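Common to both upcoming complexes is subunit A, partnered first by subunit B, then by subunit C.
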Partner chain A sequence: MSKRILCRCEDVTRAEFREAYAEGFTELESLKRYTGVSTGFCQGKGCLVESALELSSLRDVPPGDICLTNIRPPVEPVTFAELARLEPPPLLDDLKRTSAAAGPQRPDTGDET
Partner chain B sequence: MIPLPAGPVPQRADAVVVGGGINGLAISVELARRGLRDIVVLEKAYLGSGSTGRCGGGIRQVWTTEENILLAKESVACYGSLAGELGLHTFFRQGGYLMVTEDAAQLETLRSAVALQNRCGVRSEFLQPRDCLKLVPQLNVSRLAGALFCPDDGTAYPFSVVWGYARAAQRLGVKVFIRTELVDVATTGERISGVRTSRGGISTPLLINCAGPWARTLAAKVGVSLPNRQERHEIMVSESYKPFLDPMVISISNGIYFSQSMRGELLGGIGDPGEPRWEDAGSFDTRSQLRFAARFARALIDSFPPAAGMRLMRQWAGLYDVTPDHRPILGGVPGLDGYHHLCGFSGHGFMLAPVAARRMARHILTGEADEIIASLSLDRFARGEIEVDAFVVG
Partner chain C sequence: MTSLSDETVTIFFEGKPLPCRAGLSVGAALWEHGIKVLSHSHKFGRPRGLVCARGQCMSCLMRIDGEPNVRSCQTPVRQGQVVNRQDAGSCFAPAMHKALDAGGHLLPVGFHFKWFTRPAFLRRAFLDGLRPVTGVGKLPDRAVWSAARGGPPAHDHGVLETVVIGAGAAGMRAALAAPGRTLLLDDLPACGGQRRAALDRVAGEGDGLLAALPRLAQMRDRLESDARRISLADRIEVLSGVRVVGAYQPDMLLLKDESGLAVARAAAIVWAGGAWDRLGDFENNDLPGLMGPRALYRLAAIQGLRLAGARTVVCGHGFDLWLSAALLHAVGARVALVPDTVTGAEGEIPAASRRLGWALHAGLELRRATARTGALATLDFAGGGGLTRLPADLAVMCARAKPAHDIPYQLGADLVLDPDRGGFVPRAARTSGTVVSIVGEAAGAAPEDLCVEAVS
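Coming up: the complex of A and B.
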């Protein structure tokens, strides 16, 4: 079995990623949560693209057809002390809508943001 | 898991379950175990992509209403053996729940909750602030008025539970379709007769609404009006650390909760009274905000000072499907045969689903009355029989 590493933070090998795919985890969203790729210190900066390329080869589709996982804040881990020094900003304006009629409708794919 | 089916959906099914979260997958397993064949689960995105996969994974028995306590008690017992039943590690860990308050006016609520929980067979206890230090030595107890502790409560990893149920469902012959949307529901007279999906039509006599935040939209398709609203809640994980925190700490005065996952991350969130309550799926917006990170960090350090030097690694948001009394809606509706609710869990679906699904499957297949389902049916709102659970936090 190949020991080639796919995700260094979470120590996930390419073989483990392939094994998960064979078990039925065929999307990056599920592969991320099952294998741990992209969930460590670097939050995918080192492995998300590599994982997507690996998945495109497993599925035999062009890399552009692979849907990436959502990139979530913060860009880098931040201490709670630094965050606590911020004055909490107000709610995003878009969130104040209480019905679709009050604003533009967002695509509802179930895995946005 | 077993590779999920692709292509068109079957033309007929004994039951169609809408929602590939914990409720939908659990009820499909419970129905199949009791002998129902040809069950189809429809998930519009990926398994656990709705509320289940975004939740904090807490499983607690400390509630103020009897139905919630009794369901949760069954649930804790169920989680104890679930990994073996499903064939997948659920990362269930019983570190207990430490529920604190800074508000002396809430002490009476805590004490009467403990009394009710004890009568229901839950071994929770009332604690003085200093007693909390035995459980979490670095907790800031200086402003606490009192606390409640239940040693049997705990946490599990939501995605593992979802995948375990999906795997068990597929072993039992259930067909689980992801990336498949429910478009419309057909009724004949006062009966469910079928559904139309993005992968074709299915004729079926049984439709189970496990759509979480989308349950209200689905119910509207069969002419049923749910009183549910959808609330945004944000949550985060820190980097991983060596084990330092046994229980889930939860405050009923400022709405913060935090626990340590089995990967070592601190996982937590805090309620925000400014967050919107939505009525239709078109409004849903689960983007993250700096506002949450700043508010959570302040409250966390205040409650647990050593967290100051720890680092927030990732944050996200999810939706609670909230009912007027913060208790789920179970069972059918008069005048529409074959339609059932398993929704409205108000932020507590992950902890209650395994047993709610078990009771619902028994009720649907045998028609036997179930006291808890009867008291949680939709018509309670019309009857005005509402008792709000006071311990909704987050």
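Coming up: the complex of A and C.
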């Protein structure tokens, strides 16, 4: 069966992405949660730009109006055994500082927990 | 740069012994045996294979020596290695994959993770049934568990002056321009990036191929001279075989090499992480056998994948169209060229194609790819008054690449979506209040821009 795949990891077709938009998910952040684009193993390297461009044409807004979704480390798979070997104190300090500092701006989609 | 020998090792793929050339990755070795389908996607059961060949796309995940989710493009073959597809062993898998591929579009978006979420016992039963079919969720063999335990604590590089991530054209230039002690990181064994390896292979061809293609020769000169200057500069330390897998604001990097994770912080971080291949939007754009130029350079030039006699199609435009075609020519593949245009900067394409014996098809638009036994068989184009069908064992898509945005985003860079520059690119070279600056293809430059950039 012929398909135009948007996200290879989560197997999301372009048609599904448009369907989800038509259902009322109009922000990249909520589309990501609803369809699964960019939530797979590759963390959006294969589909995030394509999805953002698709959304900008669906919404008929300039591409510059579409904000990047949150991308959290690690960006490649890391095993728990490897993580366990990190010296915890400096990393924890950093995590605290990161969450305290204001991150890059993106729209409030109402589904942030 | 190629570390291939004539030595042969035997691996066991789904129980069958396969002789493989030592030095190849598992994925490339299987390709040489005509096995291009390495896994299946978990929803529609579509065939998946080598796509990025740099450990980033995860299309090649296999179960290797009892460990699930191993990147077969990054794992070298080893004597006695046991390699399996993750969905192998379920007798339902082929039938279910077929049914979902045919009828999946009738199911609601995200059905596979939204159905049967309640009650809990039903969810459990649904997942227990689904996992063996999709090939996910199977734990590693016990021997793998125990081997992963323990080990020394992760290395801490401390606070460094300047860290440059990526030793390609832009990263080398940035390291040379940086003041003071500089650490230059790359996942490849040598400086110059995957293009330098590809250019080396083209230059090694010997029949004047490189001399016939001046824009490639010019890029090679630049990369060679910069790599030489890097090796002479005492203040630049090159760390190869390292990938940056995460970043924490304001200045901390999570690094990964063969021995595990390490951390480093730096007063200045230069992101020269390059770009990701873009395959494009057409029917069956996910078939194994379709890849971008960066993947081709790694497979054919660095790993030494044998492509002699293969039918290959190179589509797109720009520097990578030339280099991909030249590399395929150098390794003995049959080359068909489908350029976006043969005018302007690409005006030399017809003459070069005639001279080098490349089949040239201009003015075509890619519509769909078709498969035979799961992998790419043909590309169908519209234009020229009908449908043009080109047979292809491998097709290289040289579209505008997408600047790698993940690590600079995590370091707080201000990124904006700009289709003309390929994707999410920095609004300015440097966002105030951050330690990261972004250069080269990661900042939206085209590879040809990197070549003509003035020497600093």
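Here is the rule we use: the second predicted complex is superposed on the first by the 87 of 113 C-alpha atoms of A that agree within 3 Å, B and C clash if a C-alpha of one lies under 4 Å from a C-alpha of the other, contacts with A are read in each partner's own complex, and residues count from 1 in each chain.
Quick note on the criterion: contacts are C-beta pairs under 8 Å (C-beta built on N, C-alpha and C of every residue); 3 or more make two chains touch, one makes a residue touch a chain.
Quick caveat: nothing in here was measured; it's all calculated off a predicted structure.
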For the three-chain arrangement built by superposition, which of subunit B and subunit C touches the greater number of subunit A residues? C
For A:Tyr34, is the partner it touches subunit B (first), subunit C (second), both, or none of the two (neither)? both
Let me test your reading of the model: by the given contact rule, A:Leu86 touches which partner, first (subunit B), second (subunit C), both or neither? both
Which of subunit B and subunit C A:Gln43 touches, first, second, both or neither: both
A:Pro73 contacts which: subunit B (first), subunit C (second), both, neither? both
Going by the contact rule set out at the top, does A:Thr26 touch subunit B (first), subunit C (second), both, or neither? first
Which superposed partner A:Asp60 touches (first subunit B, second subunit C, both, neither): neither
Both partners, subunit B and subunit C, contact subunit A at residues 23, 34, 41, 43, 72-74, 77-79, 81-83, 86-87, 90-91, 94-95, 97-98, 103
For a test of understanding, state which residues of subunit A touch subunit B in their complex under the given definition. 23-27, 29-30, 33-34, 39, 41, 43, 70, 72-74, 77-84, 86-92, 94-100, 102-103, 105-106, 108-113
Quick check on the complex: what are the subunit B residues that touch subunit A? 1-4, 44-50, 53, 159, 163, 178, 232, 238-239, 272, 274-291, 293-298, 300-301, 307-317
Touching residues on subunit A, where the partner in the complex is subunit C: 1-5, 8-11, 13-16, 19-20, 23, 34-36, 40-46, 48-50, 52-53, 56, 63-64, 66, 68, 71-79, 81-83, 85-87, 90-91, 94-95, 97-98, 101, 103-104
Contacting residues of subunit C [partner subunit A, same complex]: 41-44, 46, 48, 51-52, 55-59, 61, 69, 101-102, 104-105, 109-110, 113, 148-149, 151-154, 156, 243, 245-250, 252, 254, 256, 260-261, 263, 276, 278, 281-286, 368, 402, 404-407, 409-410, 412-419, 422-424
